[in-house]
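Order as written gives the chain letters A, B, C and D; numbering starts at 1 within each chain.
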């Protein structure tokens, strides 16, 4: 871990980045290429402006990224914390007082009512007034201020000034308003190396369907129940855009094997794996094996004249385009985005490397892996079990994840018949809490989709009890 | 009592039409729609409009214009064409009303309303106090549950809300069983004392209202208290106050609902997947590039979107939908005050 | 409501009671008969001792119930509250100091460590010592003290004294210990009239399977989605021991109709309904109708020589016994427990009454009900829909509850084909919170089973659009 | 630094066997069981025993006696007969170890462990600090994830726990990657400073340990912090402390797991029900009088009880089981400390 962290401490072109606004909800994972205009949750900046800077906290002024010291955040936090030692009402009064002092445009009629208004939240007290209609600062004003390099907190103060309705709001809507405005105009962001946590979060909130609704907690359960650690031999079917593959390869740490079963002639549609930018040593455990080889029961040559599967033409095309946009392509190689008919020397070399890896993978399958992971979206797990389960070593772990319960029930039945043991079928609710002084509650709404997890251990069919009975006098 | 003096304002209910069995009412069960009835125009899942049917009026909505003329005399549950699509005409119920009412405040979810009624142990004849009135969504459910012999006193600090809900009660035939009151129950307590069977609180500082709730509940019958609060800190203070004022069986619960959509389940074998990919999505036919737009479209159609497809019998499954759902509304704290 | 409340303000033989310990977890619903020994969550008392006393709070001393004023609880609460204004640590130190002062038998070696121990909870800090082994008060001592009329709080104090391990515990286990001991020896109980809330809670925690896992929140949803209120005409299939039937009948308040579809010749296995002890007026809306009449499409006579269904012999016998134990029998009538061959005059009269009610019920079904509720446990809802749905009035509500999802999905498909609208398929998680100063968290474990709810509205098949098109010039 | 002085006690790890590839280890993947190996004896769902295989020893358990002699040389995953029934011999994994270990404290559930590892962004090479060690359940999972090039410093105030887990690490071939430390991290901080990639806290007052956690994390690499607390009040104080000490991406989450059992689904039509009643339960064959006893029996067999029945293919369903399940363990609050 140390090497990879110290190796490239500055951001450069070609790397994948994870971008998250401070107090933002979503993570964006993308590859940094020259002249990229980045836009994310109302945040806009030139990609070029981060090149050569260290990963971390940035402030964006006039669409340029400037590194920001964390101390700045701490200072602000301490200020805020010292004032929030008082009950909320005091904070609110301060804010109101400040607003009233700074501006003349506020109608004074309802001040008293607001100041005396209750501290906490009641939904029925929430007025559903339309903010924008009452906002005196126009959109143009705001943009102009931003162009001039006004900081976020200054801007929010101005917005609060300009909002006539502000002091007729309840505390709930006031704090919500400040928060919303801060968020909308916040120009602070974290730019970090992608990690599985960030990639998982990014795809889950943006595109849960494409990763089979796999959430980080369930990804963790897959690894835990499969018992993934360095030097383990794992066979994997992955319909989660490479998310599970990336997690397994990372945990292997360069030692062990991760046989990745894929359709087509090369492993594709694994942007999550590519986003991790594993180095050569870590990647060495990644052994892609074609499904057609599994179905045929032997390694097949590459048929250069006729790809051994058909692309569903338009659908597939647009998918490739999208994947390019999502930076599925691994930088520095042509895999994934390259045409399927390769002629040059380098391509032939890569193909030979792939065939070598595949051979290793097929050998491992035949020798018996220690763990089988099926992370499925549409494929019936039983059709995979039928091919791979018989070859597993005894005592190996089997973990099946899927967004639907029924296929897992069928797999459960199948495994019961094969005498698998330690079988568990689980799902889990995952909920984020808002933790703020006097405003602590679970998030009011969030992504709730997930999947189910079936785990088991392969046991050897019972030995002849005669053999044992001979040894024990008091055998049952 | 000081209470009578401090009471801010009471709007007396007018019960002119309550004695007329043919007057418009949420309780009327005629076969056909009559002028003056409140009807729910059901456009599609999640889109409904409440109208009072009146000759000469026209409803403008998503599927164009609908002249009330054509509604009168139609059987309840009819499908009827507007200028740009068809809609259904439904009897009002408290559930449909809460979906259709003009929202003046955030309203309680149906699942919370449903549990609140259970926790109040409400039934015809119950006397209930509520605060705040808000948009009157729960008020309608409470009023319909206590009718015809019980009564609902619903309190709010906002006079305009109270006035509006009073008018709605009149239109819906609920005037006789309701009394909307403009009053801050945290400061001045409830309209009645030693009289009711249940109190529901949806106020920012329930702990301030709890002694008043204890006072409002009948001493000889005892009663139930239910308080709704979004934040755990409010719950903590409310529980403390309930214990202090002699409530027993104090319990705090929360509901996290989950809605499903019924879709075709498409499963493929490994060989089929190898041959044709997963262009066939796991359960639905949306996915790929434009899936966000398509998702939005499906969401609009809601749980009934299945209707537009041919559902192959027996091959269906239910998926969690939409992907983003409410995961918290509030904690419900309930308690009993014993008779003395 | 007023009448029923004032009618019988004192407890007498024959009534159903709901018993709950203060701070206890379960509600017990039972019928009070002479010489009953009641035992519930370590609580024991003579049933006779409550006769003639008002419903409410009791203290049990030497197995006799004595009414207790609520003021007593309030006083204690105020005392407790005033001490808990201080942070927890102070409370704990006080308790510890008190314990140390009162007893000489405590080994002093670990005092300091405990006093300095952290205030809040960490699971890893929880010692799993076996309490009883370290308890100096023997079971006999405890029983003797109880016989002597020692109050609970005195007893707990003695137990704390006697427990050598007490001051080596963390605060978590200390407070848990006190709570556990208080609960175990608490002799305070509420004895109340059964309400749907209490009956629902009682069956859900004790016997969820028999009421199809129906929880109070989902019972509420059934009533809400069906739109039950006075003067409504409802048809109901109930496999929840009469829980849903009781809830509907209560909400009708004596006006409207609740047609209850049942197997056999009389409505049985509805202990929840009987526990409510509805008076004649309220009960008048309850109209039992035999399934066989529905299947035959007409009212059938009673076949006195051959009951028209077979009892699954042993299983059914033991069930009847159990139901008697559970007071399924309605007091004052022989229904439910009576033999099926009735000969006397009264029985003939009751049979005629049942036939009259059934006739009313069948007429309502044919005329068209406003609401259909199917609360099923084993019966396929489609097989019920097929018979009853066509007869519903248009615009009527349909609510189907069941513990399994698949039958509801099938019902959904069926209803889609019948052009039902406003369809919703939902379930919900229901969780109890512990709310205590500095110890607030959801309950660590609880009953989690539940069911699914499908609701819909019956719409009239579309009218011929031609008819409409003539009226609109700009029709689509 | 004052820290070195205040440090209570460090137990130095002995790495005698770590270099020997044939030494007993959780990472060994031989085909057959050898003397000295740790084996998990799987009795039935929920009942497992961890043993160190040694000639002359006998395991006494539910299904009678099992002499270690007969285990040696058996393939992993074998089924073997004891004196009163058969059991399976399984390779140790952190999941099976956490089920089998001698519990000295309450331990974290598997689902929490699994998420903690994800939130720590752990991988081979990571340097992790943990407090408290407790029964060493999570410690094993952490140690196995950072091996072979990372390190786990696990802290506890109880010396006996630390000693025990140290011995376990030795037996399990994890000594080289672990350092158990007797130290109160809330008072004296962690064993390392400016060195680690992640800190996990399961302490009563996490807010006291958070400044020390910030100190323990590598300044040049930054790192992750995860804190586990049962009560919301602890979470509130911990979040405040994290903000104050410069952590970002602070988020609190909780997991509520649900376990299922696969059973036959028995459905009947209304006519069938009328004929024979629901003596056939909805999904299982328990019910009626003795169902509590039967329930207990089934619970013991756990999720695998289905095995004793003939599962009719395609006619199965999953039910929530057992009826009573964990609904809360603790909140997990996690945050990032950026490099400086």
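The rule we apply is simple: contacts are C-beta pairs under 8 Å (C-beta built on N, C-alpha and C of every residue); 3 or more make two chains touch, one makes a residue touch a chain.
Quick caveat, the model's predicted, so the values are computed rather than measured.
Trainee: Is the number of contacting C-beta pairs greater for A-D or for C-D?
Mentor: Per the contact counts, A-D leads.
Trainee: Counting in whole Å, what is the centre-to-centre distance of subunit B and subunit C, each centre being its mean C-alpha position?
Mentor: 24
Trainee: For subunit C and subunit D, let me know how many angstrom lie between their CA-based centres, rounded off.
Mentor: 37
Trainee: Centroid from C-alpha atoms only, then distance subunit A to subunit C, rounded to Å. What do you get?
Mentor: 43
Trainee: Where does subunit A touch two or more other chains at once, residue-wise?
Mentor: 429, 431, 440
Trainee: For subunit B, what residues touch not just one other chain but two or more?
Mentor: 232, 254, 256, 258, 317, 331
Trainee: Given which chains touch which, is the overall layout a line, a ring, a star, complete, or other?
Mentor: Here the contact pattern is a ring, one closed loop where every chain has two partners.
Trainee: Can you give me every chain pair that touches, using the contact definition above?
Mentor: Going through each pair of chains, those in contact are A-B, A-D, B-C, C-D.
Trainee: For a test of understanding, state which residues of subunit C touch subunit B in their complex under the given definition.
Mentor: 1-2, 5-6, 9, 20, 22, 54-57, 70-71, 73-74, 77-78, 81, 190, 192, 195-197, 200, 216-217, 219-221, 223-225, 227, 229-233, 250-255, 370, 393-397, 405, 408-410, 412-413, 416, 421-433, 435, 437, 440, 452, 457-463, 465, 468-469, 471-472, 474-476
Trainee: Help me check something: in the complex, which residues belonging to subunit A touch subunit B?
Mentor: It comes out as residues 117-128, 170, 172, 208-210, 212-213, 237, 239, 263, 291-292, 294-295, 309-312, 315-316, 318-319, 321-322, 377-380, 383-384, 387, 403-404, 406-407, 429, 431, 438-450.
Trainee: What residues on subunit D touch subunit C, complex-wise?
Mentor: Within the complex, subunit D touches subunit C at residues 103-108, 132-135, 156, 186, 202-205, 228-234, 256, 258, 265-271, 273-283, 286-289, 291, 317, 319-320, 323-331.
Trainee: If we count contacts the way the header does, which residues on subunit D are in touch with subunit A in the complex?
Mentor: The touching residues are 27, 29, 31, 42, 45, 64, 70, 75-81, 83-86, 88-91, 93-96, 110-111, 113-119, 121, 123-127, 141, 144-145, 147-150, 197, 220-222, 232, 235-236, 239-240, 243-246, 248-249, 251-262, 303-304, 306-307, 311, 313-314, 316-318, 331, 333, 336, 338-340.
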